[in-house]
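In what follows, chain A forms one complex with chain B and a second complex with chain C.
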Partner chain A sequence: MSGSAPSPTLPRGHGGGRSAAPAASRWGPASASAFLLVAPAVATVLALFVYPVCTSLVSAFTSRQGQLGFDNFAKTFALYGGDIIFTLLIVLVSTALIAVLAAAIGGYLVLGRHPGAVAALKWLYRWPLFVPFIVAAQCMRSFLAKNGMFNNTLDALGLVDVGTLGGLLDWRGVIVTFVWKETPFVALLVAGAMAALDRSGIEAARNLGASGMRILCEIIVPQIAGVFTVGLVLAFVTMLSVLSVPLMISGGSPTMITVDMAFRVNSYSDYGVANALGVVSYLIAAAAGWAYIRRNLAEAAA
Partner chain B sequence: MKRLGVIVAAACIAVVQLVAASASAQQPVTLNLATAGDQNMVDYVRDYLGPLFEKDHPGVTVKAVGTGPADAGSQKIMEKLEAEKANASWDMDVVVIHQKAAGEMVKDGLLAKYAADVPTDKLVTSPTAKTALGVDVDGYVMPMFLSQTAIAYNTAMVPDPPKTYADVVKWVAANPKKFGYNGIKGGMSGVGFVVGWIYANAPDPARLINGPYDPEVKKGWDKALAELAAFNKNVVLTPGNAGTMDMLNRGEIAMGPVWIDLFYDWQADGKIPPTIKLSLIGPGMPGQPMYYAVPAKAANAKLAEEFIALATSPKVQADGIVKRFNWYPGIDPEAVKAQLDAATWQKLFVDVTPDDLATKGKPFPIVPYFNDILESYERTVQ
Partner chain C sequence: MIARWFGRLTRGAMLGFFAYLIFAPIANLALWAVAIQWYFPHKLPLTYGFRYWYDVFKPTSDAVASLGTSLVIAVITVAVCLLMAVPAGYALGKRRLPWRGPILLILLLPQAFPSVAVYLNVARLFYIVGLNGTIAGVVLVHAVHGLVIAVWIAAAAFAAVDPELELAARNMGASAARTVFTVTLPLAAPGLIAASIFVFLESLDEFTGTYFVGVPDVTTLPLMMFNASLNGNYQIAAITALILLVPSILFMLLIERFLSTETLAKIG
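Up next, the complex of A and B:
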């Protein structure tokens, strides 16, 4: 990470001025030992990431007969084009919902006036962080079912009649699970950044009579936009990679491309198309990564 | 003085090494077993077969590891053996795998031709011991059990159970969203249902099972697949084998395809009420064996063969396979029947009679047709 990565706990303006290498020894002996220091990490990344990515790319462009070509991609878009769009939509919608919820949680922690409620929220909102995706999917499977705990609770409270309800075990359940699982992660980053802000701006707005919502949207969120973007991009890429949730919650079609990748490998031993789907996934994640880097460069320039 | 010190040190090292070597010569042997399939497969070895084998073989520990359900689990075993193909000896002694992977592993030379060395081999009469989805595996595998799909239905919601695929279609039209299956991606029970649908609605199902393969055959399935797409509009698509059974348990669906052994397991655990029963519908639904196999370069091949001999003995097949886990035996049923009381034998054949099994229990199609069915489903039905 370069020195321009935003730190969630340090106030902006501090700690950003890390010194550059002494100009005199740009490529001297100090750099040699620096290379040696990073060599193990670089080697690990090369061996465990770059090499598999390269073999995956080669496999994606190699047809079943062994020639280079776009056969696998043709099949991918023919069979799974709808699933690709579905995946994008699910992850984008989930990210948007996470943004709203994380801002709301962070905002309440900063602006909330009931110390009891703030303490309770602070304690409660972090719990889903420690639950693995597959455990969350398993719990949601019975919670969101037609006769599951959610519907039966509403029924017991007299709000609905469980006989008329459908379950949420489809794309909606996938979104609910993703949002439930990833919101604490983004909220943690966002709450930290909000807490580190200079309170004078908030107090000034309060004195002028601005409502909590207005302070959140117009004063706080713009100042933590950097951390927000980082958190959302990380959440986006994480959700893109999840297999357990769509596999265990939604049975129908369309489904996320991770399920298709697994299906391709397990039912047909077809690594070519599975890797082609992987390339599509890399490209989508790369787009998110590009947003992340753009944000970093904007910070560095500022 | 210094020289004496060096000699003493060398002598000490030599003694320590000798002691260590003799100690390792007495170290216990571990028999490594990898099994695909649901958790009940791992439990079978861990809780029953392993301790039984260890009792007869002191100093041997049986270590069982599960690689996951369906062909995916078998795929993982095959990938592991492929990865260590160049090693002098491999780290799996016994593998329990599905038919598709067994055929591929025999073709790749990953399995040992061990069956002739096992005394219980002569009790194996099932044709699935000789061919796996069209691939000749004679001598490389022994069936562990035979598993069968069937339709589970809720007797409270379905007073008149379906006997054929046509009955199911009619029932679903009258009762939309009360039938559930998992498509082809979530689990093999759904795959079994789709294969049975093709057997029922496509011309020449016998060819799909026996071959020869002709890529033009799949064009004759268009009508059957279009009807399946229409059928799907009135059903619930569940998240997998367990998903179907969960929904049956919660009363959200009244009917769905299940694996008979998993169904009886869940019923024994209280996860499915006794009001749910089975019906094997015609013209047939597929079933499959799982195979015991020994990797070609297994470290403990002789021990592995003894383990499999125990596992396929009539007593173990009766107590373990039939009584404990409600599977159909992998060796000749007559050899096993003699070891069981009538009540236990009948339990397995209460809803699905031996006659049903004989007439409506079909094997899966040969691999190229199997792939064609799955891909055609992906293209037209989904």
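Up next, the complex of A and C:
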């Protein structure tokens, strides 16, 4: 369930304490005790998260002979260059599909003219929200197998002969699992933001004869772009970090770099290359985070 | 008239297709849970029954043992998380805090980083200090992950407590500590309960951290399910997956009580 929690930013308008006593000195005894209150949490994160990140950086840039350098990265790109690109493509395609589906779901919930259909969709789309990745992977492992319900449905509808089909348990299965699992989370954020919009602009456009699609793309989505980006960046980083789904759905080659990291450590105790792959994943996540920060800066400037 | 029927039919077909995409993977899993014999090219199981349920739930089974391990770990994780998140959330939501920005940033980091590389270094560290393969080690890894969400929800819950009520208590002579324990904490309790449920579920479902830190001695339910699945034991895997599915679905159905979509709109 990593990442499928609401966006880790505080709601606006919190922290009344800060404005309550602006004249008091910054380092009074009150603020020192507040500091003590957060200390255990901060110390835990520093010891069990920040410190391991630092050791992973050091390990990635240290060669087997103990010298600083890029040996591990040379080996990483030679061995796993293909998997890095594969990982990027899978996560990017999944994010794009999630974006389209989440916008479509949110859009129908706001614009749909049939209360029954809107209620049905609202009830339907959330089901996978808190399903753990490992359970989603197990569902798809049976659903998308050669003899799974997906192939059998196509066969029963007379569209294909199941005997001629293979399973979808490769990169396609990974994408399906990611989209199935993460779309409800992004759609929930997006639908919430859309529901909070001022409806007068939407009604005006509708009265002028704009189609639902046009209202969604040109009026609604631009207004909720901030929340949309947060949701997509969180989904992107989450998918980048998942180990269980690629392990269970596409164990073979090519596979995602999380699987390569586990393999490098479990089979060769090769922490250098595993951590170099880790640094690559940090960089990919940082690029996604950068998209989010740039978005916020643009909003702050506007 | 025809156009209306056509519209109704398309809507119905679209919703039906959507429902299929959502539920068919779960239905396929449920089918495996009650299948005794099922092999290609048969579209449905050949024989049904609950024999594998007996195997999973008999007192001596691995599944019952790992369910117990999972529950123990989840309960301790919630306790550890709350012990740290309640004071931190109180300070962030109610008090003036120097370096508020950097502190928030540090607390949010575990959610913003790809975690696999971090976990394998935590495992290396734990190996040196003897925490690898122990319940305590797994609890710590789960707690760090849960802390983000726990602090965030706790801070929001404390910030939502009306300061006037606390002032009223102080004016009537209650000490600062008494105000916290008799006014602030009870009013923030629903949020703190929501945070506990979140952390509990996250711990129950956690796979990656346990995979690196727990082996070989700590087998939680997700790890057991994973092993069953990779060994081709689809029935056992499906039944354990269903056990993990129940709390997630219940929570999804309950979440509206805690967080409405309108509240979620204020995030971000």
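Going forward, the second predicted complex is superposed on the first by the 258 of 302 C-alpha atoms of A that agree within 3 Å, B and C clash if a C-alpha of one lies under 4 Å from a C-alpha of the other, contacts with A are read in each partner's own complex, and residues count from 1 in each chain.
Please note the rule applied: contacts are C-beta pairs under 8 Å (C-beta built on N, C-alpha and C of every residue); 3 or more make two chains touch, one makes a residue touch a chain.
From a predicted model like this one, the values you see are computed outputs, not experimental measurements.
Residue by residue along chain A, chain B and chain C are tallied for touches, and C comes out ahead.
After overlaying the two complexes on the shared chain, residue contacts for A:Pro128 are found with chain C alone; chain B is out of touch.
In the superposition on chain A, A:Ala262 makes contact with both chain B and chain C. Of the two partner chains placed by superposition, A:Ala301 touches none, neither chain B nor chain C. Looking at the shared chain after the overlay, A:Met248 reaches both chain B and chain C. In the superposition on chain A, contact of A:Gly167 is made with chain B only, not with chain C.
Once chain A of one complex is fitted onto chain A of the other, the partner contacts of A:Leu79 are limited to chain B, with no touch recorded for chain C. In the three-chain superposition model, chain A touches both chain B and chain C at residues 141-142, 146-148, 247-248, 262, 265.
Only residues 1-3, 5-18, 20-21, 24, 26-27, 30-31, 33-35, 37-38, 40-42, 44-46, 48-53, 55-56, 59, 114, 117, 120-121, 124-136, 138-143, 146-150, 152-153, 155-156, 162-163, 180, 188-189, 191-193, 195-196, 226-227, 230, 234, 237, 240-244, 247-248, 258, 261-262, 265, 271, 274-275, 277-279, 281-282, 284-285, 289 of chain A touch chain C when the two sit together in their complex. Across the interface of their complex, chain A is touched by residues 70-72, 75, 104, 180, 182-186, 236-240, 243, 246-247, 250-252, 371, 374-375, 378-379, 382 of chain B. Of all residues in chain C, only 11, 15, 18-29, 31-32, 39-43, 83-85, 87-88, 90-98, 100, 103-104, 106-122, 124-125, 140-141, 143-145, 147-149, 151-152, 155-156, 159, 163, 198, 201-202, 205-208, 211-212, 222, 225-226, 229-230, 234, 237-238, 241, 244-245, 248-249, 251-252, 255, 259, 261-268 touch chain A in the complex they form.
On the side of chain A, the complex with chain B involves touching residues 78-79, 141-142, 145-148, 167, 169, 247-255, 259-260, 262-263, 265-269.
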